[in-house]
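First comes the structure, then the notes that go with it.
Going in written order, the chains are labelled A, B, C and D, and every chain counts its residues from 1.
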C-alpha cells in the first residue's frame, strides 16, 4: 500500500460531541494526506487500575454513537472487547474488534472475535515477544478469519516503564499480519502508586517517526481536544490540534522508506 | 499462624486417578508436617500459547472430580476461572477461586469472583509491581469479600525469562492479604519459539526456600507423579515424590524465621 | 563451613574514628555468633554518578587506616580497586581485592588482581547473568589464583531499579566459587534525576534472609552508625545498631538449611 | 547540520589490508552521499567475555595503522580506550576517543579522555538511562572539553538481550551533546553460554532507519568485508558491500525529517 493507515480517536466514548469533534477534524486531515482512517473509541474500559475509575457511559449507548459516527463520516470504526460474549454484540456496531494486550492469550476471546468475520486487531501483551504473536494470528486464522492486525504497545521494562522494541515490527510482520504501532499506550508509565497510570506524551512524535521508518503498516494514536480533562488515558493522548503537523511529517518519512 | 500453607496438585485435571494419587500422597505428608493443604487443579486452561494445546476434559466433569476429592480427603480445593460467567459455576464445586496473572486487572472478573463469597487468590500479573496489587485487593474487598490472597509468580524479565522479586512479599503483605509464592510458574521461560513454555524445575527448591525465609504465608507448587507426560506445564511441575523432602526443609526454615 | 561469613563496614573510609567504631561493634557481634568477619571499606570511589560527589580522603591515608584496623582487631580487610595499576598497591595493605560490578569484564584488571595472590571478590555486573560469571572465575584461575569469590548485587530492571535473582546463587556456585549476597547495593535505585542513587534500606532484612535460605556462602552489608550523614551510599547502608538482631535471625536460618 | 555523520570500520584492527579495504570503500560512498565519515577500529579489546578471545595485534602497531589510514584517506579516526593511562597515548594517534559502555561511569577515565582535547564519544552503559548520561557530559565539560558525543547501544533487557530505547535519543540530546546510534552493539545478545556474544545482524537496517527518523545525529556501524571470519563481534558486523544501499535509504529518511 502507498501510505500507512491511522487508527485514532478518543480513548473512551465520553459523549456524542466529543466523537463528532474528533471525527470531523481527523477525517478531514486524513483525506487531504491520503491516509486511510479508522475511527477508534472504546465503549467500555474493563481493566482500569482502580475500581473507582470511569468505565463508560453504557455499552449500548456508546456502541450506538460509534455506529452513528461510522455512518455520518463514512468511516470504519474499531472498539475493544474483553469477553467472548461481547464479540457478537460489538460486531453488530463496529468494523474492527480490538483485543486488549492483557487478554491477547485468551483463546476463547480470540476465537469469538474471529468468528464475527470482522477485522481483529490483537495488541501484543506487555509480557510477550513480537515473535510469539504468531500464535495469536494462528488462533484467529484457525477460526476461519484471515483479517488480522497486530499492534505493538510496548513491553514491561521494570515496574514503572514500558519500552518499545522496534525489532517487533519486522518480527510480527513475519506472521503475515500488518503491524500497527500504538503511539499512545507505548508511552504509559504503569504501576504508579497513585493508581493512575502515568505517561510521557512529548515522546509521541519520536515513537511515531521511528515506527514509520521501521516499516510499520499503521499507527494507533489516541487523541482528544483537551487531554487534561479526558476520562481515561489523559496522560498520553495527543492534543487534537497537534495531529495534523505530526501526520505531515510522518507521510514524508513514509515516502522516503517506500 | 504457626506454619505456612500449601496449595498443590497437578496443573490441570487430567482424570480421576491422577487426582487421587496426588491427593493421597500430599494430604498424608501435610498432615504429618502440620501444613494446611489446599488441593489445586485447573478444570480448564484458557490461555495456552498455542490453540492446539490441551485445555481440559470438560468443565463439569473436571469440577465434579475436584468436588469428589474435597469430600473424600476432606480438603479445601482451588481452581482458576477466566470469565465472570465462570465464577458462580466454579464456586459451587470449589472453595477458592484463583484469578490468572494475565487477568488480574479485569475488574468484572475480580468482582464476580468476590461475589461468590469464596476465598479469592489473585496472581500478580507479570507486568505489575507487588505494590500495585493493592488495587486488586481493594476491588475484591469493595465487593464485600475480605478473603483475598495474593500470589507472586514472577515478573517479565526480557522476553524469555521471568524473575522473582522477593521485595514483593512484604509489599503485597502491606495490602493486608496473605502472600503465596508460586514456585511453579515463577520458573516459566515464556516466548519459546516452539509455542511450548519452557522451564527450570531444578530451581524450585531455591525459590521455595527463599520465599519462606522472606516471610511468604503460603506456597503454590504444581506436582505430578510423572511431569514428563503431564498435559500442561510439565516443564515446571515438581515430581510428586520430591515434595516430601522439600517440605521438610521448608518447615525447618519456617520455624527459624517465626 | 558451618556458618556464613560477613563482609561489612562503612562504604568508604571517611576517617579513623568511624572505622574503629564499626570494627569494634561488628567484630564483637561476629565473635559471639561465630560468623567469620572481613572488614570492608573503600579507600576511593571511582564511579560516582556525579563528578562533584565525595571520592575519598586520599588513597595512601585510607589504605593505611585499613591496615591499622586489620592489625588492631585481627581482622582480614577488603577494598575495591578500579585499575590494574591499583592492584599491587592495594594488595600491600588489604587481604582481599574487590572488583566493582561495572568493571567485572575488564580482563586486565581481573588478571592484575589475581596476580597479587590475594583473595579476589568479583561483583556480578548489573548487565551479566550469574551463569556468565564463570568466565570471570576462569580469567582469575587462569592467572594462577584459585581464591575467587563472586558477589550478587542485583541486575538492571528498567532504568531506576535493580532486582535480585536468587537463581544466581546456585548458578554462580556452579563455577566453584563461594557466593556472596550484597544486601546493600542490590537495593540501589539508580538513574535518579538528582544524580544521587536512591535506595530502599527497609528491604535489607528480606534480601538477606532469602539469600541465606537460598544457600549464599556469605553476606556483604555496608553499615554506618548514622547512614543519614554518610558520604556515600547513605541511602542503603544499614544502621550499625540494627546489625546484631539481623545477624541473629540469619544464623537461625543458616542452621535450618545446613 | 544537513546530514548525519557516520562512524564505521572493522571492530578491531586485524591488519593493514583490512583497514585499507574498508577505508577505501566507505570513504568513497560517504563522499558521494555527503556523509561526514569517521573511521573506527579498536586497537585493543579489553573486556572480552572470555580470556582466550583475540584482543589485538599490539597497541602501538594498531594505533600506527590507524594513523596511516587517517593520513592516506584524509579521515578522522576513533578508537576506544579503557584506562586513564591509555588516553594520552591513543590521543597522539587518533582524533576521537571512545569510552566503552561498561566504563562510562569511571570518572578518572572520562576526565583523562577530556584532558587530551580530543572529541570524546561516551557510550551509554547498558545499565544507565539516557537521561543520566548528562552526568558523563558534565564530567567531560567540567574538565574543559566541550566536544562530547553520546552513543546509544542498547539497554539490559533480561540476561540475553538488549533493547534500544528511542526515547534516549531526545533525552541524551537534551544534555547538549550530539547523539549517535550504535547499530552494531545494540544488537548483541550477551550472556550466551558459549562465552561468545551472539547477534542479530538482519536487524541493522531496522535499528538504523528508526534512529535517523528519531533524529539521531550520527550512526555507528561496524563493517567487515567478511564478518564470518572477523576476530571480534562477527555476529553483528554489517557486510561491507551492504553498507552503500543502506546509507542511500538512510539519507532519504534524513531528508524527510529535516
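Please note the rule applied: a contact is a pair of C-beta atoms (placed from the backbone, for glycine too) under 8 Å apart; a residue touches a chain by one contact, two chains touch by 3 or more.
Only a predicted model underlies this, so the values are computations on that prediction, with no experimental measurement involved.
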Neighbouring chains common to subunit B and subunit D, by label: A, C
Chain pair, A-C or A-D, that carries the greater number of C-beta contacts: A-D
Option in C-D, A-B or A-C whose residue-number contact pairs overlap B-D by over half: A-C
Most remote chain, CA-based centroid, reference being subunit D: B
Subunit C and subunit D: spacing of chain centres that average the CA atoms, whole Å: 33
Averaged-CA centre spacing for the pair subunit D and subunit A, given as whole angstrom: 37
Length of the line joining the C-alpha centres of subunit A and subunit C, rounded to whole Å: 48
Subunit B, residues touching no fewer than two other chains: 155, 157, 159-160
Arrangement of touching chains [line / ring / star / complete / other]: complete
Touching residues on subunit A, where the partner in the complex is subunit C: 157-161
Subunit C contact footprint on subunit D (complex, rising order): 46-51, 55, 82-85, 102-103, 105-108, 111, 125-129, 131-132, 135, 138-139, 142, 155-156, 159-160, 190-193, 195
Residues of subunit A touching subunit D in the complex: 155, 157, 163-167, 169-170, 200, 203, 206-207, 209-215, 249, 252-253, 255-257
